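Multiple structures are listed underneath, in structure tokens.
Below are two complexes that have chain A in common, paired first with chain B and then with chain C.
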Partner chain A sequence: MLQGVVSGLAGGGTFAALGLLLTVMYRLTATVNLAIAATGVVGVYVMALLVQAGWPYGVAALAGIVAGALASVCCGLIMTRWFATGGPQIRTAVSIAQLIGLIALAYICFGDEPRVLPNPADGRVATVAGVTITMGSVILIALAVLIGTGIHVLLTRTSLGLRLRAMAERPITTELLGIGTRALTVTVWGLSGALASIVLLLVAPVRSSDILSLSMLIVPACAAALVGGLRLLSGALLGGLGLGLLEGALAGSATVQQYRDVVPFVVILFILVWNQRGEVWDAAR
Partner chain B sequence: MRRARTDLVRTGVVGVFLAGLCYGLAAGLPAYWVFLAMSAVISGVLLQSLGVVAGHAGMVSLCQMAFAAIGAWTTAQLHVWGVPGGLYVWAPLAGLAAVPLGLLIGLPALRLRGVHLAIVTLGFAATVDVVLAATSFPGTDHGITVTRPAGLTSDRQYFLFCCAVFAIVGIALKLVRGTRLGASWRALRESERATAAAGTSVPGAKLSAFAVSAFVAGLSGALLAGQLAMVVSKNFDPGQSLVMYAVAIMVGAHHPEGALIGGALGVAVAEMLRRFGVPQQWSNVIFAVGAVQALTQGAGMSDAIRGLLHGVARGRRAHPATAGTPVPVAAGAPAEAPADAAAPAGPETTGGALEVTGLTVRYGRVTAVDAVGLTVPAGTVVGLVGPNGAGKSSLVDAVSGFLPGSAGTITVSGGRVDGLPVHRRARAGLRRTFQQDRVPTGLTVREYLRFAARRPVSDADIAEALAGLVEVGPEGPISALDVGTRRLLEVAGALLARPAVAVLDEPAAGLGHAESARLGEWLASVPARYGSAVLLIEHDLDLVRRACTRVTVLDFGRVIAEGPPAEVFTRAHVLRAYLGEEMAA
Partner chain C sequence: MTASKAAVALLAAIALTSGCGLSEDSPAASASGSSGDSGTIKIGSVNALSGPVTFPDSSSAAKAVFDRVNAQGGINGREIEYIVTDDKGDPAAAAQAARDLVTNQGVVALAGSASLVDCAVNAPFYTQSGIVSVQGTGVDPTCFSSAAISPVNAGPYLNTAINLYYASEVLKRDKVCSFLAILGNTNDAYGQAIASWTKLTGKTPVVDDRTVKPDSDPTPFVLRAKKEGCQAVLYNGTEPMAIAWMKAVKQQNITGIDWLMTTAPYTDAVAKALGTDGDGMYANAEFEPFTQADSSALADWRSLMTEKNVPLTSFGQGGYLAATHLVDTLRSIQGPITRESVAKAFKELKPIESPLTGTPYEFGDAAGHMSNKAGKIVQLEGGQWRVVTPDWVRYPGTLG
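Take a look at the complex of A and B:
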């Protein structure tokens, strides 16, 4: 049991970090970016290609992060150019289309054979209950906490954060005050893509190198974000960590091992139905 | 009548032509192409299932392949068990087997919408995939493949069978589209509140959409099992559900030709890419781009094609039968209707059509409506006025059932309705309209009025309901009307149901002065025409004076005056509430 829990740390950090990114993007751009893990995949594979071409890891990883950011910027440009006034239903559909497109493009550009990905953080930190805690898990969790606190400080303590919040809540009013919202929005998309790439660079070597299964990290990430109702950063952080530990604990038991991917779905379903139980109608009034 | 007959003839001709085309394709195409065409038709069936839930009802469903997988699984199991009847029996059973799962996914959809529903359905798709991958399809371990019954053994015969299933599904869905159920799906897409206020159960509409969709998807799974003989979980991976959703948006799968185009496109693009040696994944890129493009246009390919054909047909006719831009409110004298002649056909009741006592609405610690009593006697038009924030809208919401937490008793024609859900109150004879524009734009004027009436109405009834109120052709789509016209149409729909009482929430907003005056006279004639009483919420005091025999004034959630308008509007404290302290002083 304890072994499983320890082994779930890496997953927990990943879900938490991606869940945080989803939350902040939803708060700032009113979009649940279902393609966020897929943009990270772009980063991972660009890095892998460059390392194969003989680039040093650090430079290749940096290029990967930039590539992830660019992919995300492209998605953001589409969203702001044509769907800025679209309702949540339409934005969801656009996001689904972007997810499909990114996965397909990734397969086209990078092929579908599994790759051996260099692991930047495979050093051991400690051994607990016979399970070694890798550097990667520690960094992932630290990264999740860092993203969470960083975003919190940015939003509540800086003037940029104030502008971002104003933009998210009343985009037209903000624009009338002379603040260009589109550039800000696209910047948010870009930064989220870069951070998602960093997360995926860390988790891909230990989890999977398959494009589809990495992109589908969006499902547990959504579960984490929904623990915080897509608003609370702390909820997303704790939700992600909890989900990772739960998944790890279940992985320890052979009978439920093959069904462990079901866990995020069940968690999502319960959280959502509970959170939204009062939402009887589609419109407020 | 002639029109209906020409429609029938045209449908028949198109049907015969399509049947001939299918037969020609089955007989003439090379074997390989027949197999491809079969795949196209089977995906077409799946796309029709998406057309119901996503196209008509506007709900996101990313788990259609999971429903298809249940259908295929059931087919394989029925084959292993040796259930007689072959695919002719297995296919409908496979569809039925998917229905419980459709209902299961429909349950969270009662509260979840948009991205939440997307996440849940995607999670469901992933779950079904995991379970299927862990437990192989029946018979596959022993090499038992699904066999086709006699008469369908060759691919050419089976292709015709698939075409027949596609056609049956398409015709059945077209028939449903004309019913109140079909209209309720499309109404749902626009506004759940308005759907319920028209007397339709929203949970019923959502669950039925998911059930029908799951059934059709299950059918397509059965067809696939028959086509491939051996299906594995990889045939139904959740990625395909995503792609199918994108294709459905791109082609507009709520029309059968859209679903067919989608199926054909999927196969044709894959085949072209294969021939030119381009990676297959490009097809998904194409569909993703196509879906985004369709979303920017707000319509899929089938709608665009229909619009184009419609435009050509209209261009050929010298004078279009119905004007595209109708004029709100007839120019002629309002209501040549028998204000004093014929007796009202509606339920004649003595006493109050609507009686409200002790109605209280609280939002947290704020009391928006405070122990309000209100009576609308049968056969009268009563006004409800008050300054902004007086609690008028809260009162209307509470009376119509949108605020289940409110206290007080509400009776309609003597029967208690408080405690009932919105649609049951509407069926009990309490109709309301909305301040916001909530008329479903996916319907035509006639379809909407039939949907709202909840009773059989003839074209003459519809013409009479529109006469003197709003000048629109019954064939025209609501999406072409302006907001003021839509609001009047909503009023016409609510009254066509002949309710005991119709609560009209600011029907004159957006109308000009002259139009508003005519509306006032029309409203005054409503009790005689329809036998319905009216509670009119309005800011336009001229309209209230014209239409109402009595008026109730609300301020800070309490009734501050009640009586005939001419008298009430002269009282000092009413003026003060309306115009402020200084003005009235």
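Take a look at the complex of A and C:
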């Protein structure tokens, strides 16, 4: 049991980091950006191409992060240009289209051949319950915590955060107050793309690295974000970590492992229902 | 209410009968159109050429074979026209492609198809149309259980059985475990493979885990293999899955377990992507291992593929073999080459030996075909594949 839990650390860090990005993007751009992992995939494959062409890893990874950011900026521009006034539902639907589009484009550009993906953090940190904890897992979890706290501080303690929040909640009022929102929004998209690329650069070398599998990391990330109701950063962080640990624990147990894929969603469903019990009650009255 | 229901039923019946009429008449009509002694001999294939998983090499290799036959004067003076279609990994597109080939183009047979969906979607249609398919790469269980289809490859299920057999009987490992990713309708076929091995050897897998998903983190699974004391582990992952698996093994510093993969990860790309991280990983080559540069069995295949710029892969071997078997069979036909005469020739086919496979290719009128029942085991060492079993590992049991 403990072995399974420890082995789920890397997955937990991944889900938490991506879940946090989803939450932040929802709070700041009112979009459930389902294409966020796919933009990270662009970063990974650009890095792989450059490494193959003989670039040193550091430079290639940096170029990959920039490419991921640019892909995300493109998605953001489409969103702000044509769907700025659409509600969250419409923008989320558009992001599904962007996800499918990115996957299709990635297959056309990069093909389906496995790539050489250097692992920037494959050192071993410790051995707990017979499981080797890698540098990658530690960095992923640290990155998730850093993203969470960093964004929390940014939003609550800085004037930029104040403007970002204003822009998300009352975009038109903010513009009338003379604050340009378009550039800010696109910057948020770009930064998320860059962060997603960093996460995926750490994840891709140790998971199934085909375009579809990596892009679909968005599903557990969504589940993590839902634990926080797409608003609470702490919820997304704990949700992601919990989901990873649960996945690991269930894979290691012979009796429940066939229900492994179902359990996390049952848990999330329960949390959602529990969280909304007051609202449902109020609405019913 | 009843009246309108009856009307709907009547309409449906009319639509059905007219549909059936079309699909039954047209193939025969167009078949006779392209048959006889003149014009080209049309051969078709349905392939995954675009989409998430692509197999372009099989049909390219088959085309290379047909082009060479044409350059040498064709079959009794008639050229082969090879029509390659793309199913995009989409069942609807696969159905459309097969109907276009058989009904509109009037192909006399299919050869070198490599697809994930072709067999499952089109097998009943091929049987109904009286056409045969010499599949280059069969993956779906239907490829091996249809009277109209006989793949040249061993397929993942027999591959699994051979690997289990190799682990328990050749490597003499007592604790053999299997970790399987079950995609689509493959669960029963894998179950049959394991049951067949159990029947043959009297052994059962210590772990039979079928819950691996393509996007799973393999770490908990490799740890489970270690915890359960597995000495040999069979895994059916595709290229990226096998890479992730071996990297997890390396990360967790697990030693003393033999890792056996199916044919899928036996590629140059996997060797390159894994490098020394893959040291010791076995795979099961279902044809004469293509990475052996000096193999005399591969001389013709290698020179033809190099000449026509087709990548040297296992899929290319399948396409080459399928096309070669078809050409040999076409040459043996006395009289006009039509869909009927080609089907008849395959139904009466005597097993064809080939240096590329361990067992002869068969068609015949069985309800299902799985004639390639051997593999050569290869192992990764320092980012290079080397052949471990110079002789074929032939599977003595039967599946299903």
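Just so we're on the same page, the second predicted complex is superposed on the first by the 252 of 285 C-alpha atoms of A that agree within 3 Å, B and C clash if a C-alpha of one lies under 4 Å from a C-alpha of the other, contacts with A are read in each partner's own complex, and residues count from 1 in each chain.
Keep this in mind: a contact is a pair of C-beta atoms (placed from the backbone, for glycine too) under 8 Å apart; a residue touches a chain by one contact, two chains touch by 3 or more.
What you are looking at is a predicted structure, and each value in this text was computed from that prediction instead of being measured.
In the superposition on chain A, A:L226 contacts chain B only, with no contact to chain C. Legend: residue contacts after superposition of the two complexes on their common chain; A:M216 is shown touching both chain B and chain C.
Once the two complexes are overlaid on the shared chain, A:D122 sits against chain C while remaining clear of chain B.
Of the two partner chains, chain B is the only one that A:G101 touches; chain C does not reach it. Once the two complexes are laid over each other on the shared chain, residue contacts for A:I65 go to neither chain B nor chain C.
In the superposed model, A:P88 lies in contact with chain B only, and not with chain C. Look at A:L195: by the touch rule set out above, it reaches neither chain B nor chain C.
Residue contacts after overlaying the shared chain place A:S208 against chain C, while chain B stays out of touching range. Touch criterion met: A:E247 reaches chain C, while chain B stays clear of it.
Comparing which residues of chain A touch chain B with which touch chain C, the overlap comprises 103, 107, 212, 216, 258, 261. Looking at the complex, you find that chain A touches chain C at residues 3-4, 7-8, 10-11, 103, 107, 111-117, 119, 122, 124, 130-132, 134, 205-214, 216-217, 247-248, 251-252, 257-258, 260-261. The residues of chain A lying in touch with chain B in their complex are 32, 34, 78, 82-83, 86-101, 103-105, 107-108, 212, 216, 219, 222-223, 226, 258-259, 261-262, 264-265, 268-269, 272-273, 276-277, 279-283, 285. Considering their complex, residues 58, 60, 62, 108, 111-116, 118-120, 122-124, 126-127, 130-131, 134, 191-193, 196, 238-239, 242-243, 245-246, 249, 279, 281-285, 287-289, 291-292, 295-296, 393, 397, 402, 436 of chain B touch chain A. On the side of chain C, the complex with chain A involves touching residues 50-54, 209, 211, 213-221, 223-224, 226-227, 237-241, 243-244, 247-248, 251-253, 267, 269-270, 272-273, 275.
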